[in-house]
Structure formats: C-alpha cells, structure tokens
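Handing you this structure, nothing more for now.
Which chain is which? They are A, B, C and D, in the order written, and residues in each are numbered from 1.
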C-alpha cells in the first residue's frame, strides 16, 4: 500500500522521482467519449513549471506531457490514460553534497528511516516536481467537470503576514493570482525580501468551486469536506485546511454562523455561506470555498544544524536554486487536487 | 459507495440512526490475541454520552455496548468485531414538528436532495449520536496502540473567543479537559451564556499523540497528515484542521520554522516541533500535534428563516434539548478518529 | 485487512461466529428509495436453514433477521443497512471434545496457525452458518436487480457421479432444485447412502442470470467473470468455478466455440452462448451461465488421523449432527453472491 | 472504477493498447531494498513474446522493458515502479478491414456497446499484448517471493482432447512446458493441425506454488482460493479455474477427499493434498495446485457470421497473423498473476 493512488472511482496513480527517467500518472475510471484537449492540459502544466513565474526558482524546465495510452482519435476511450513527463533539466551535482545528511524540514530523514534507502537527488519523490503528475491528471478532471458546469479557481490570499482584504474573484491574474491587487504588491515584496535574505516565506491559498450540484459527498466518512482535506493536505508543505469560515467558525455564535434559507421560484437560496458550500458533508449547491496553509519552503541558503546518515552532528547549507516561496506554483496543484476530488465525488453520486 | 467504512487495513464500518433500533460498528482487520478490555471501551463511551458532562445536552442515555462477535474468552480472535448500542432514550415527539422543513445548518436539506428520503427523527444518521460507533471502534484501536507505546490525548484550547495560553498537558481534567485551567473558567462561562441566550458557540480541540515510531504514513497521497485530516474532518461540525503550526506556518520564515536536528547517543532529537511530528507526510518520531475547529451547534432555540420540503418559505425554531456547544463531547471522538488512523498506518507500515 | 468486506460500490461487511451472540451484515452503498421487502429476505433465509431441507442437517434453527438500521417507513434511506440473526439453537457440548485437535479438511488448523487462537465452537467463523449473512445481503441485492429486470436462479446439476442431462430451467423445485427431475432421484439416493455410510458427497451447482444489460464488468482486472469467480469461490467448500463451456472450452475448436452474431430488427442476437454471456470480461446481453464445484462436507462420523494442538498424533471422529452434502443449502448462497456481484457491477457501470 | 488496478497492498496498475505508444504498469507498495534484477524481468518478458515460441504467432516483437521510476542504484526504493514497453512491431493495415464490424468471440462488441468508442487496432486493450504489463509486474513479485522461499511454476496439462497423464514437474522444458513429455508431442500435433485447418484449439494450464507458509489468505471473502480465481480468471480467454481436485471434488466421497494429518518431529504433514494447499481459504503449508482452462483463440481465418457497427448482417474473415493456441504464451501470465496474488497475501499477513 504505497499510497500513490488517489481516488475511489476516478483513480490517479502517480510515479516518478525528480531525477529519474520520467514522472507520470495513470488515470483510470475516466469516462469514454470526452475530447482530450491536449493544449489545455499542457497549459495547466505550464502554470506549474519554474520559469513560468519569476517568483520561484530561477530554473527552466519544459514539461511536455507525452500521452502513452487511453486516447484514440482525440477522444478518451474509457481505458486507462497514462501521461508522462521526461526529466530533462537536472543538476545532479547540486545535490551530491547533501546525500549523506538530512536537510532540516525535508523528508530526507523520514524516508531514510522508513525505507533504509532513498534517492537523494533533488529530493527524489519528495521533490515538488512530483506534483506535475497531479496537475496533468487534475487538468483532465477539469475537462470533465467543465462539461458538468463545475469550475475551479484558486488564488493567493496570504503571504507571510500580508492578507488579502478587498477581494475580487472575477479576474485572477499575475503570478500569485491574488484577488486583492493592492495587497499583492506587498506580498511580492515579502517574497523578494526573503530571497535576498536567503530565507523563505509561507502563505495561504483560497479555492472557489462553482456549479457543484447538491448531493456530492457521503454523509459519514467520505464527507466532501474530509475528501477535500485529504486531497489538499497531501500536497507537500501543506500544514492546514479549512472550509467556509474554517477556524473562524470557532469564534462565531450559532445565530451568526447558520446559513438560513429562502425559496425563490422553485429554487433554494442560502442567505449566507459560512458553511462553505458543504452541509453534513454533502454539497448544498452553494459555492464551495476552502483555504490551505503552506509552510515556508525548507530549503534556504543558511547554515542549519542537522545530522548525517551516521547520526553525527553537522551543519547544512543548501546551495543551489530553489524557491523562497512555493505558494505561486502550488495554486494549480490545489486546483488539480480539488478537481480530482470533485470528479470522483461526482462519479460516485451517479452510482445508484 | 456509501462512505461508511473508514480505513484500509484496519477498517471500521458504522451504521445506525439516532432513532433506529441500534447504532454500531464492525471493526475488521484487528489483530488476534489482544485482550478485549470491555471496561475501558465502556469508559470511553461514557465520556461521550450526554449527562456525563453538564455542559452539553441535559439528557441522559446509557450507552452500553453489546459485543456480538469477534471476541472469545476475553481475547480478540482476528475475526470481525461487532459492537452495538441499542437506542433507549429517544423522544420522537421532539422532532415531529420539523419533519417537513429543513433546519438551517443541519444536513436535512442535503440528505433530502441527495436521497429523496430521510429519517428526520433526531437528525437520523446526521445526529451527533452517530459518533458513538466511532468511539467504540476508536477505543479498541487505543488498546492496540497502547501495546506499541502510542498514546493519544486531546483537550479544548479554544471556546468562542477564549484561547488557552499557559498550557500544561500533563493532567487534563474537567469537562473541557482544557490545559489552561484559568482560561477554562472563561470558556465555561461562554458556554453557559450561550445556553441562556438560546445561542451556541464553537471551539477548537488540540490533540497530542506520543510514542509514534518514525515511518508511519506514505509519501504521496496517504501522508499521515492527510489521513488525519480526512479522519478528523469527517467528524460532524468540523470546519478546519491544522497540524504543527498549522495556519500560523504561513506567517513564519523558513529560518524560524525549520526543525533543526541533533544527534544524542545514537538518537535523533529535533530542536523544535513546528512540523507537528510529521515530515514529508511521514511521522518523524516527535510528538504529533494537530488542531480541529468546530462550528457552533446549529440547533438553537431561535427563530430562523428556512424552507419546507415543498420549497415554501417558513421559519424554524428548534425546541427541545440540545447542546450550546458540542466541543466537550467531541474530544473523545477526535481521539477515537486519531487512534483509528494511527493504528491503520501502523499496520500498513508492517506490510513489507 | 480482515477480508470481511465484499464489493466496491455496493459493499457487504459480515461478522459473527457460529456460537457467538449474533451473525450479521452491514450493507453499504445501497441506493435510497427501494422498498424493503422483509418477507422476501426472510424467505431467502429460510431456504438456507437446516430443517428447511431434509437432506441436510437434522437440526432446526429459526433465522429471523432483525433490521437495526438503514430502513425508514419500509424504504431504504441510502444509509447503511445492518441485519442480524441472533444465535438461538446451539449445542456447545457437541464440540468440546474436539477443541484441542484439528478436524481434517476443516479450517481448524489454518485458523490456529494464523491467529494463535480460534473459537472452536461449531467451527467459529468457518462454520457454514456464516453464509447466513451473505444470504441476507444477497436477498437485498436481488430486490434491486429485479427493478432492473435482472433475475438469478441456481440449481444442482451434479451430485457425486450423477449429472443432470435433460435440463429444464423453467421451474426448479424440490430440495436440490435440479433441472433434471429424473436424475434428481438418483442424486437424493447418493446423499442418503452417504448419510447411512457415515460419509459425505460433493456436487456442482449451475447458475443462470438473465436480463443483464450489455456492458457490465471492466475489461482488465475486474472482468465480470473474474468478479463472479472471486465471489463464488469465497463460499466455503467451493473448489472450482467455470463460465460458459468452462473446462469443456479447452477441448473445443474455435470454429465450434465462437458465438457468431446476427442482427434482427435493431437487436444483436448471438447464435450460441459458449461464452456464457461474457465477452472480454464484459456482459454481452446473453444469459450468464456459470458452475461451481463443491467438495464433500469434511465432517463425517468416521475415524480420521489428525493431530492435536500440541502436535501430537491422534484420531478424530466428529460426532453430532451435520450434513452429508452441503450442496442443497449452498444454492441460495451461490445466488446471493452472484446477486451482490451483479449489483456492484451495475452500480459501477452507472458511474460515468 | 476502470478495473485496471490489481491488488490491495501490493498494487499493479496497467495501461496501454496494442497499437498505442506504449504499454506498461505501475507497481506500488513494493518494499524497499530488494535488488532489481532487470535481466530476470526481461527473461520473463521474453517467455511471452511471439517469436519466442514457434507454436504461436509468426510475428516478432522485441519487448524491452524500460524502467521509469522507483529503482535507485539497482535497488527498489519503496516508491512506485513504472515499467513500460514501447510498441514497435505493429501492422495497422492488418486490422483496418475489420474496424466496422465485431469479430466473433472478441471483445469488440462489448467494448463498443459499453464505451461507444473503441481502439480497434489489434484489439486495442483487449489484445493479448496487454498481458505484457502483467508479466513485468509478476516478475517483480517473483523476485520478492523468492526471498521468502516461495516458487511458482506452471505448465500445460491439456491441449484440445489430449491430457497429460504421467507427470513429472521437476524439469519443465519446451514451448508447452508440459510435465508429460510423451503427451506433449500429441499436443503439438493438435496445434499444428489447427493452424493448417485455419482453426484454433484451447487447453488447460496447471500451476504449482511451493514454499508457501501457513496462514496466507483471509477467512471470509479474501480466501486465497478466491483471490487466485479472481486473478487467473482476469486473464483473457480464461473460462475456468479450479483448485486441488477442483471439479473432481464433486465426485469424491469425504472419506477419500479429506486430507488427514500426522505430526512428525514438531511439523505437521498432510497425508494427501486434495485441497490443493488451501483450507478454509487459508494456505496450510502444502503445495498449492490450481488449474486454469483457456478457450480456443477467437481469431481464425474462416468466414463467420457477424454484424457491423450499424447492426447489419455481414461475415467476417480475420486474416493476418495470429495464434491457433494461446496456451503456450499464457503460461508465464498465469505464473505472473499467481505471483502478484501470493505477494499481496504475504504482505497482508504481515500487517498485524
């Protein structure tokens, strides 16, 4: 049970290390007859790669997906779809210096203890690059969801101590896709400052899902909220998840929190959306809103105390090219995981 | 795929409605040879039931578990263990008035839309009483984990706007099991005020897991953090989950967040625990710390706007006996879900 | 992973030992809105119990199912349905003599080795009585399948060396439900002879499933044929499974085996059905026909060589009341497992 | 739920069509630290490909596996292992003539009805070539099992009406790996006759698994026998599965069938093995013996009646190069599926 498969009906199995031959995914349970929009999937991949955004790593990789199966004459066949990315731009020498020690706040230590062996180059499978596979699969899910009128968009609402206040979600642009264009400037400043200081910052991404029908999710253990939490928190560096008012709910009174209802011409309207679109674990037709918190990137060019593989004390300074903030590139990954979760829930709701 | 089964190797299937004949669970994959400590399981159940704590519903139910299978001569046999609770103290008449409308912030609306039918009595399966099954199963898991040196304890760290500040986790007592005994007084005051005002409040529960070996959890989609998020957020009324510094991570710099390491006599020590005990999705041997946010209970004796089953506008005032705050009774449920998650991860780590 | 849950979308979790408090099942993923026909389910249970047929054990048990959850006002709610049977007619004293040895061809030895502990009374969970849970769940599945026009019926086509030859499947009656009423007489004679001789016989059950739409089953690992094999061979004492011509296929030429096709007024007709209704693992609309082989019942009142728990040589003579042939009571179990498999496949095919 | 993943702890996800870019598999849950014996895996692949045996298709393909992930410095890392085969020797033109009709006894009809679209070239995913992915994964499983002392070997015991009688399993050689070298000559004659007559024949493969410890398999639904049935019957063209005496059990008396036991120096010996190594669904330490029946290959160069995609009557003559008997190449596939099943069961048994 390697834990590399996500989903119940629509499943995604990912594989690949940062410096192995290729990364990829196998998407299974995807319905037949959906036009395979290669360009759209590639564009989603492009949102992720460094070089696409200047706030991240100053490194260029071309992530061109290669489709190995499951598509015929431009349409999905119902058969498993394998998409791979061949690794082209790797600098093994960047990492050889740290193959015998554990970088603080990276998975090096836990992988070594758990497996007795790890591919240390570029972080191996713990590399942020692993998310490429998720984005490819998530892009495919977005195509399906679009046919059902479901759309997903995410943006940055916090970097370090700077929070978005006046939010407009209609047109997210820029690298951070921040709904508060004013605050975005301060956010970028925080990131650049961190880069200059050889430090890193974290942030919060908010995601909006519109067009969800009533009834997705299962009442007990597969609540849509818990499935989303499971999906989002599996993204590396994610340390928190909340839906609707989230942790703010704890401060509110019931009279303020409850979303009252009114009927209007055969339709049910909610007078507020503190729930974030999910009631009793099931979507209520309202916009689903959730947030994910990301820790500051572990790799910083500062000396830190750590231990070697032989458990001797040493220090570690991670040279090389890395992100002072991974939030910008995590946005499309958050959307991808949300898409996979929603599509899976949608298919499950059809099975009756 | 009804979503009523939790876990991969150690599985729990729950069933039962608030006003049906019985509630219960079937625990499968539980190893043979573990002494079945009935009294301990019953004591965990007692922590949950109303009447056990005066802050909750002023109603008394005796939840005596009845073991139907899987135990022989006081020891588990490796066969599935079914435990049930027969429902004894129900007041159907309390609910008949609201069978044709949807109570705001309850699952009534979503269940009706999803299934076309719902057992409205006491909230049916959406009732908080459903968690009894989880607590019974979780108690069993705690017994196993104890043999491995793993202990779980949770307590309240926030009620409404009152937060615990000076925390001592050594001896949690009282109804809220708050680690800050001073603040606890204010917390109780908040709850009583809400009760008198026919309102409700929410809160935050924090959980500490000690004794976890290094290596639990899987790197990609079954990160221990995401499995815990999935488990905890499946508890009704839970609107947020965070691990380690959680949402506070977003504000921190990498230089402050990173948990540096030192070796001491063959052991690895972490100089801090901002990660909350999980690195790269895998336990690192440090104490696991997470928090869960709970919304204020939906049922309040105030008039609220809602709609009927026929989608006509109406108002709703939920009379009867209900909690102004469900946090106190959720504590043992949080521990139970954490126990089930940890035990499952433990068994998975043995499969190699 | 106790292996006590069957199915992917429609799941059945069973529990209970022969001499425990109760046996039962939890059915999850069952759609809402289906009328719960208690009498039909009870009648299926009655087909199974000893006393219902004189060819089996001369023992009487009343298996009255008790519904604990998931049904409201006579209709399924979509919530998990728990049905239990309380054990009433047990003779513990019958088994105490053999608690320290392993009865040949029973699961005693393997259970003891695997778990280190076993409930020896009546065979514990290896008892044929365990199938009661399956029959209850299968009956529920039959109700659903009936609404889709799918019907399942099984009958005996072989006992010992006596095979059915001139088969009429229209009206199966009698204890063996044999489609060849002439041969049935010889079959019954075989069974009675075995009883008098303190011996036992085996047999073969054939099952016909009509009304299956085209498209059930998945092409690769979840072929409908392999799902059926998995389900049927999980029935105790089953040693073989074949579909269509089965093992006879091995002897045939392609020119004779291939089921040719003709179109008739917009419908596709198959000119033969050597495939048994499944092509490439997917149902083709034709009648599904499979057979299951059952070994002779292990418990015979003859002295057999075996070993004790302490691995000392001894002999074993299983006194008490037991079946010289379990085939008659396995018929409804075969139908039940087929029903669960078909319903699961049906629901899966809807998820797109 | 596409059904393209096999296994519970050790999982294999396969993908790829006969004429797509590549076929492959992702193996997950494979323990770390096992030396990756590339040559052995390649040799298993070679057993499968046409050209390796002259009894099959007169076509040559070089199936060279390419490892994309999960292996580092020649050892498995515990991360998912992706192995692909790029398709090189395809003759699309061979199939274009039949893209608008359904070949009898092939999956064409069912795929078209289920998906509304199918990759008709070479049978798409229903092609026998799909089994390459299984063989690669199964080879990996064999490497692991070998470290536990478990070995698997299969051979042909029947072709058409010719059955192996005097069997020696010690040294299986030749294309059919028949344990009866005399009968093998007749078997080969049957195949060649069929080829000359533009017809096809079926057969039966027998498999022996030695070194299995006591305790693999789960008592209820995951009996080792039913898991094996599920695995083996998922191989295309398989129409029957039996274990131990199989269908012959039905003819036997209990006194003859029961495997009696004797203790010898602390070990338990079975005086016979009619059970085929599995008791109560759990391995008993004895050799596991099972047989699988394969239908004659559907593709024959004879005119057969069928229908077009537009449901018009037509005839079909499948020209091109194909096997008069697929049994020889199915042998390694049977071993592969058995290996995957045994390894999965082994890992599951460790989880306690």
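Heads up, the rule we're going with is that a residue touches a chain if its C-beta (ideal position, glycine included) is under 8 Å from a C-beta of that chain, and two chains touch if they have at least 3 such contacts.
Not measured: the values here are computed from a predicted model.
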Item to check | Greatest separation from subunit B - chain, by CA centre | outcome: D
Checklist entry - Copy of C-D's interface among A-D, B-D or A-B, judged by over half the contact pairs being the same? => result A-B
Checklist entry - If you average the CA atoms of subunit B and of subunit C, how many Å lie between those two points? => result 39
Checklist entry - Rounded to the nearest whole Å, what is the centre-to-centre distance of subunit A and subunit B, using the mean of the C-alpha atoms as each centre? => result 26
Checklist entry - Any idea how many Å lie between the Cα centroids of subunit A and subunit C? => result 46
Item to check | Sites on subunit D at which at least two other chains make contact | outcome: 1-5, 8-9, 14, 29, 32, 79, 114, 125, 219, 348, 351
Item to check | Parts of subunit A lying in touch with subunit C, wherever the complex brings them together | outcome: 9, 29, 31-32, 79, 219, 347-348, 350-352
Item to check | Touch list for subunit B against partner subunit C, complex | outcome: 1-5, 8-9, 11, 13-17, 20-24, 26, 28-30, 32-33, 66-70, 72, 75, 77-82, 84, 114-119, 124-125
Checklist outcome for this item: So, in the complex, the side of subunit A touching subunit B is made of residues 1-6, 8-9, 14, 102, 104-111, 113-114, 125-126, 130, 158-161, 194, 199-204, 214-215, 217-223, 225-227, 229-234, 236, 238-247, 249-255, 257-263, 266-268, 271, 274-276, 279-284, 293-300, 302, 304-307, 311-313, 348-349, 351
